[in-house]
Structure formats: C-alpha cells, structure tokens
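Got some structures for you, see below.
Look for subunit A in each of the two complexes below; its partner is subunit B in the first and subunit C in the second.
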Partner chain A sequence: MQAVMAFENAPPFAAPLRFFLTAPLFAVLAGLLIAFEGPDLFASRWTPGALAATHLLTVCFMLQVMLGALIQIMPVFTGANLKRPLAVARIVHVGLSAGALLLASGFYSGIPGLLSSAALVLALTVLLFLAATVLALSGVPSTSPTIRGLKLALLGLAGVVGLGVLMALALAYGWALPLAALADLHAGWGLGGWAGVLLAAMAYVVVPMFQLTPGYPMRASWWFPVAMLGMLLLWSAAVLAEWPWLVRLSQFAAAVAGMAFAGLTLRLQAKRRRARADATYRYWQLGLSASIVALLMLASAALWPDAVGVEGWTLVFGVLLVAGGFLPFIAGMLYKIVPFLAWLHLQECGKAKVPAPAMNKLLPDVNTRRQMLAYAAALLLLLATVPFAGWLARPAGVVFAVANGWLWWNLASAIRRYRQAEIDISRKLAAK
Partner chain B sequence: MTTIRSYMTDDHRHCDDLFAEAEQAVGKGNLDLAQATFGHFHSAVLAHFNTEETTLFPTFEAKTGMTMGPTQVMRMEHGQMRALMEEAADALKAGKTEDYLGLADTLLIMVQQHNMKEENMLYPMCDQHLSAELPAILERLETELHEE
Partner chain C sequence: MTHPKTPHVVDARYMEPPEPFVATMEMLDTLKEGEKMLLLLFREPHPLYKVLRQNGHDYEVEQVADGTFEILISR
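For the complex of A and B:
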C-alpha cells in the first residue's frame, strides 16, 4: 500500500534540515569570492571567478535546497514513498557539498583533476537521488499537474547534470566540443527544465494553498512543464544539427512560456486573501519580477542576436535570473518550511499535552523582513556592478555575503529556539 | 458525478474561505468581526472533523481492515489542529493580534498539508473502496456537515 506508507514515513527533521542549514553558507562563499576577486570577475561570464561563483549559487545553494526540500515534501505532494529518506539525505548531502566545492575550486584554479573528480562525484550523487526518486514515483500515476511537473523536472535534472558532466570532462581532458553553445544549453536545462519546471510544479500547490489565491488554470498548468521540456529537446536537437535559427526559436519560446508562468503567478498573487505581506510573499514578488525582466532579455536576444554583444548583457541576464529570480523564491520558501517543520516536530514532542510555540515565535517576522531588504540591496548592487565593476565589485560581494549570512543566521536561530523549546517541553512533560 | 473526494474537497475550500475572511478582518483591525468570522471557521472545521471521525473513517476502516493506517494519522493531525484553533481563538479573544497572526499562519500550513494528504490519497482510497456505499455515505456526510 504505497499511500499508507507515505502517511507514516514522513522523513525525520534531520533529513532536509542539513541541506537548508548548509546551503546559505555556500552563497556566503560566493559573495566572498566576488569580494576577493573584485572587478576581474566581471570581465566576462567565462572568467574562472564568474564560473566558480555561478556554480556556488546554482549547485551549492539552489540544488542543495531543492533536493533537500524534495526529500521532505515528495511524500506529501505525490504520495510517493521514498525508501530510507535519512540515508539518502546523508549521502546526497555529502556528495553534493563535496562535488560542488570540487567543481567551484576546479573552475577557479583550472586544475583538470579537480574538474574531473567533481564531475564524477556530482554524477554519482545525482544518479543516486534520481534512482531513489524514480523508484518512489514509479507506481504513482500523474493525476495532477504537480506530479507530472515533478516527474518532468527530474528529466530536466538528468539533462543539466549530464551536460555539465560532459563539459567538465571536456575541459579537464581538452576534448574538442562547442563549449559556448553547450554552456547555453546546459544553463537552459538547469534553469528552465529543472529549476523552472520544479518551481512551477511546486507553485501550483503552494501559491493557492498558502497565499489563498485562486488556483492556476488547469490546462495551462498541465502544459507548461511539457512545453518547457519540449523546447529544451528542440534546442538540444538544434545544437546537434548546428542550426542557430532553431536554437533562437526554441530560446524565444521557452522565454515566452516562462514569462507567461511568472506573469500569471503575479496576477494570482494580486488576488491573495492573506492579512499581510510577509517576507515569503515579498521574496516571491521580487523573484517573479526579476525573472520576467531576465526572460524579456532572453526573448529579445533571440530576436536580435546582436543584443548579446552589448557589454555586460549576459552577466546582467545571469544575475537577474539566478540571484534575482531563483534565490529569492528559495529563501522565501525556506522561511516557511524551516519554522513549520520545527513546529511540527515540537508538536509531536509535546504529545498534545504541552503546546508548541507558533512559527512566528521560532522565527520572528521582523528578522525575515529585514534580511529580505538586505538581500534586495545586495541584488541591486550586484546589478550595478556589471557597468561599474571597478568601484562596486568588492562592496557588492561583501553585501551579498552579509545578506546570505543573515539568511543562515535567521534559520540557525530558529533551530536554536527549536532545540530550546524541545528541552522545555520534555521538562514540562516530565513534571506532569 | 459527486465523489467523496470532490464533496469533501469542496468543504475544505469552504473552510479556507472562512479562514481568509477572519484573517482579513484582523488585517483591517476589526476584532469583533474577526472573532465572529473565526468562530464560523472554527465550527465549520470541527463539523468537518466530526463527520470524518464518526462516519467516513470508521466506514473506511470497517471495509478495508486498515485501522492503524492513514485514518489514524489523520485523527492525530485533527487533534493538533483542534489545539491550534483553541489557541488562536484565545489569542483573538485577548486582543493579541500578533499572536493570532502567528498561530493562524501555522494553522494554515498545518491545515493545507493535511488537506493535501486527504485530497490526494485518503479520499481517492475511500472512493475506490466504498463505491457500493457511496450514495448513502454522501447523504450522511451532507446531513452531519449541515447539522448546526
């Protein structure tokens, strides 16, 4: 009985928590790297520093949280029963952290051995995760857009990691591959096929339920993941066939699909029925707006390829989509997931006799709102750094590191209060 | 065709609407209205829990023999939500809006993840196992939900 198992097998708090508490530290590291390298990092998207910082954010931060969250919520969202979640979490966490650090240092130093070992470690880690999730999802029919989206996102994950491993090995062993075209495609699979589709699949559920908005239109939600994956397959075929016009056409269509999703989500959120705008909601608005601007840039560049020649175009696009789009969604969700899971576990400790402190006692709103403002300031500085790298690169790196360090501090403080509450509750229970 | 899943899911959405009304009243600073609307929400949710615990779950358990499975987890979560609603009602009565909003946020997430499990797993299982009894069960659910 698959469904019954999923009810009982909610993974222990320790399974996802390790991912959530280490991920922000890697974003701090990215900020420090920017501060250390200074203006040189912003010379192009291909500088060793830029490649290292990008992967610290995408693999060490984004992928880390996404996999941790999936281990936690897959049973609730899909009814799939992940076998031995704690063991999977432990291995995936160590593999991802080690692999991503190897990758970032490989890019930064240019040492081939680091790149090839990163490729090996990341490939094995993601394969293990995919094996565990595909096994869990194999008996689950796609009865909702979320379940289908999740399954397609896993295909996107396989795509981005497969291409990434191929390129890391090509760099390490000097294989002759069209690296520029493959790097664009790799980013497309990662940000569109994996992160974008996963975000949509989650948004279909979390936006209406937790922000009390109207639901996403059924037909569009079924088709968005399919359209995105379809465009990426087309893009891949175009790279293989060396048809630049088809590459641009598929980029344009993927950008339009992404903008439609983000625009629709903004419209739904405008109809939300919650009493106040908390940090999570503000983070989503920031992420959606920045993504729309980034995707407009992608669509324009597909129509007028010369735009990419404008100085700093690709860097602004990358900062807007990764630091402006995806990171805010993730921070916003962490601010709900971590205190809720903490509350849930305290509730279980209290055995219905001692009440658990509510989420806002574990993580006060005022702390999260201030951190969100600091992050928004860091993002603006990073964007301004592209044209004014000489002056701004180092301060922008420092502010970015501080804002992400603050995110870590907020989450770690929630866990500290959780541990304290756990002790208090067991004392009270013992006294009863 | 009405199924257990569609009928009970509609009732979840009805409770969501009442929750939103209460929160909006708090947001506008109208505490009297907030108390009244939270009261409607509270009794609608309790009626929903009661009909599940007295009619739907026992019928499902009798038919499938699964007494320690999903229904047990759902009963436990009902207990957690009952306690949260009591706390929220007390906070509202004492005029502690900050406390209320914190409890309401926790309650909303708790309720929604609970609803998700019921709507995606338990109700479809009920529809599957109780197809013969469906009209009679729906009638009883309807009466029990609208008793007050």
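For the complex of A and C:
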C-alpha cells in the first residue's frame, strides 16, 4: 500500500534521474579544469579558471541536483502537485546544462557572447522552473517549516539568478557596476538564501527520517529561513546604500544563523538512534563541520575586514563552503535518494507479488564509503592547494575529478542494478 | 503509549518509512466509529493525508515545541 501511495504522489523516476546522473559529470569537468589550468587557477577568486570551476560546481552540479530533487520531492514534502513534471524536468535539464556550460566557457574564454547567451538561457530556464513551482505551491498553506522554507528558498533562487544575470550582462557589455560587492551579494543569495535555506527546509524532514534523530525544535526551524532571507535583504539594501558597516553586520548575522543551524544538526545527529554510520551520515558530518569553519571565517572577516587580505583567505573560504559543505550534503543525499526511489519503483513493479531487492543491494555501503573517503582526500588536497598551488593544483584537480567520477559510477551502477531487477521482476511476474 | 488527546497513539517518530504509514493504517482498522487516533511524527506526512482524505477520514495537525507533528485522525 505504501508503494501505491507514494506513486500517486511522485513524478516518474526519469524526471529527477536525468539531473542526478549528469550533475557529477560536471564536477568531474571542474576537477579536470583545475588539473588543466594548474596553479594559475588559484591566483585569486577572479581568475577565469576559478570563476569557471566555481560555476561548474554551483550551477552545473548543485543547482542541477537541487532542481531535480525538488521536482521529485515537492509532492511528498509539501503536498503540492507539479503539473507535467516530466516535461518540466526535460526542459529545465536541457536549459540548465546548456546554460551552465555556456556560463563556464564564457568565464573561461572571456567571450562576451557566451556570457550573454548563458544569462539568457539560465534566466529563461529558472523562470520556467519558478513558474511551475510557484503555480504548484499557490494555495498550499505554510503548515510546516519545510513548506515555508521551500517558498523562501524560491525567493532566494530568484535573487541569486537575478543578480547573476545582471553581472553576466554587465561583464558582457561592460556596464559600470560595483562587481566585487555584487559578486559577494550574489554568492550570499546563492549559498545562503537559496542553497542554505533549501538545505534546511529539506533537512527538517530528511535528517530525522533517514538518520532517526530527534526533530528540529519548532521555533528554530520556523525562524531560520526567515532570519537568513532577512539578513540577505538587509545586505542587499546595504550594498545599494553603500554602507559597508551594514554589509558586514548582515554577513555576520547570516554566518551566525548558518552556524546555529549546522551546530543544531550536529547535536541532533549525536542523538540519533541509528547506530550504523553510513556514507550519508559521514558526508553530512563532513559538510556540517566544513560549513561551520567556513562560516566562522565569514563572521571573523565581518568583524575584522583585514582578514580578507590574508593570502588565500577567500579561496579557502570558498573551497570549504562549496566543496567542503554543500557538495558533501548533496552527495550524501544522492546516496539515499537514488536507491530509495529505485526501491520504491521496484516495489511498484512487483505488484506486492515479487519483493524488491533491498536498498543496500542496489547501492552497497562499501562502495559509497570508499568513494566518500576519496572525496574527503580530494577536499583536503584542494585546501592544501591554496598555500601550495605550485605542487598540488594538478594532483588535487585529478583526485577531485576521480572522486566525482566515482560518485557518478556508484549512482549509475545502482541504476544498472535497478534496471536488471526490473527485468527480473517482470519475468517472475510473467511466470506466475 | 497514551496521550491526553486519545489513548490510541502511534509514535512513529523513530520509525523508518514505510512503517509509520503501515502502523497508522493498521491502527485505523482497529478503531470503532467515533474514536480518534494520534500519529506522532517529526514531519508532515502529505502522502498519508491524501490517502486519509480519499478514505473520508478527518484529521487535525498541531506542531509542538520539540518539532513533533501531532496528527489527530478520526475513524
């Protein structure tokens, strides 16, 4: 009955799967770019290679998985029904992949036409996604912190993409804008307002559900998304008014809010009732720890602006928050979502007559744990590359590409086993 | 386990899916006309809500301070 129930609420498996299977390949590309460019990429956050690699990770990897996952889980987490989810998934997947590749190549080559094309394609794609999700959520009351968080995260998505498009056009056409201040704000909306708030909204459900922890306390879970969005609006106003003290104050407050969320999640995980520490749990521990260190750096820099002048400060912060924080959260979730969805679909195929194989048969723990260790090694290498770029940049890029290629291989293998199990179940049903 | 709202309680806060759904449907089957049951979860079970509505059950939801959703379901 569970399988029937879930299927009535869930879009076809093919809708999210396309996002989940292409995203790791872009992270491989980012690793190869780092290996190809070598030490030059780490000269500053503004090098063409660094900008291209950053957007390969944030747009091509993070945004891919986040939009794909939302298409899948919105009905289950919010009760909202996305109209024509497979059609939306197809268009958004193509638009996002093409737009992100245009963007990365635009940054890398500096060709204005590529940047403006990327801005147009990404703007249209995200607008379509926002229209579909806002339509689905209209009339859905915010009865839980997850629903309210998701609605606010969509505002964050509009904010980060709006600012990104503005800056891409400014770079392409040479508009005079305060690009450094806008780039910080764009990163704040992307990592705090969109990815951070979305992560929290999803964590309220998935952390207790998959890791058997206590729930997030009501007051904290309702207020975190509001506090984060409030700080970003304040930060935006401060940039417009050109008040650096208010920029720093809002950055400090956003960092404290983020640390409070990460610290709370670590505390809940310490009380979990599932004794076994699987790759998802370990990935989340890594992500939460790295995020707390990165946010401590942000808070410190807000209090002592001279810290940003320390060589490598901004690069270490970026690597810690993106490659150390968000990518591990996402990889950890992929390791739960993909086998869970595959199992759910096999349950449906079996029609309660032929049992589905267990989830750890579809994606064995040993494979995911080893991949996680490879990813942790890649992260350490990337961090060590900031002070020792001459020695480590190329090996770090290669190891990062291998670790993400391994993630892709593990997910693709789970899908291969799923397809084989689907054939076996059909045969057994036919023989009955 | 009993609760001030009803003696019929499924505490599914530390259960893995699909156990909360199965336990709720099993308890609903044991209730007499006019009785109510309480489901405790750390999330809102939207797919279950849909099944409850389809089967003509009323339900009320309240979230309490520790993050628990108390879902009171009428037979």
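Remarks
Note that in this section the second predicted complex is superposed on the first by the 424 of 432 C-alpha atoms of A that agree within 3 Å, B and C clash if a C-alpha of one lies under 4 Å from a C-alpha of the other, contacts with A are read in each partner's own complex, and residues count from 1 in each chain.
Everything below uses one rule, namely that a residue touches a chain if its C-beta (ideal position, glycine included) is under 8 Å from a C-beta of that chain, and two chains touch if they have at least 3 such contacts.
Bear in mind that the values here come from a model prediction, so they are computed numbers and not experimental data.
Contact with subunit C, but none with subunit B, is seen for A:217 once the two complexes are overlaid on the shared chain. Of the two partner chains, subunit B is the only one touched by A:358; subunit C is not. In the superposed model, A:77 lies in contact with both subunit B and subunit C. Contacts of A:204 after superposition: subunit C is touched, whereas subunit B is not reached. When the two structures are aligned on the shared chain, A:273 is found in touch with subunit B and with subunit C. When both complexes are overlaid on chain A, the residue A:305 reaches neither subunit B nor subunit C.
Of the two partner chains placed around the shared chain by superposition, subunit B is the only one that A:343 touches, whereas subunit C remains out of contact.
Counting contacts as defined above, subunit A residues 1, 3, 6, 8, 76-79, 143-144, 205, 209-210, 212, 273 meet subunit B in one complex and subunit C in the other. Interface residues of subunit B, counted against subunit A in their complex, comprise 16, 19-20, 23-24, 26-27, 66, 69-70, 73, 79-80, 83, 87, 98-99, 101-106, 108-110, 112-113, 115-117, 120-122, 124-125. By the touch criterion stated above, subunit A contacts subunit B in their complex at residues 1, 3-4, 6-8, 76-79, 143-144, 205, 209-210, 212, 273-276, 278, 336, 340, 343-344, 347, 352, 355, 358-361. Per the touch definition, subunit C reaches subunit A in the complex via residues 13-14, 16-18, 21-22, 25, 42-44, 46-51, 61, 63-69.
On the subunit A side of its complex with subunit C, the touching residues are 1-3, 5-6, 8-9, 75-79, 143-144, 146, 204-205, 208-210, 212, 214-219, 221, 273.
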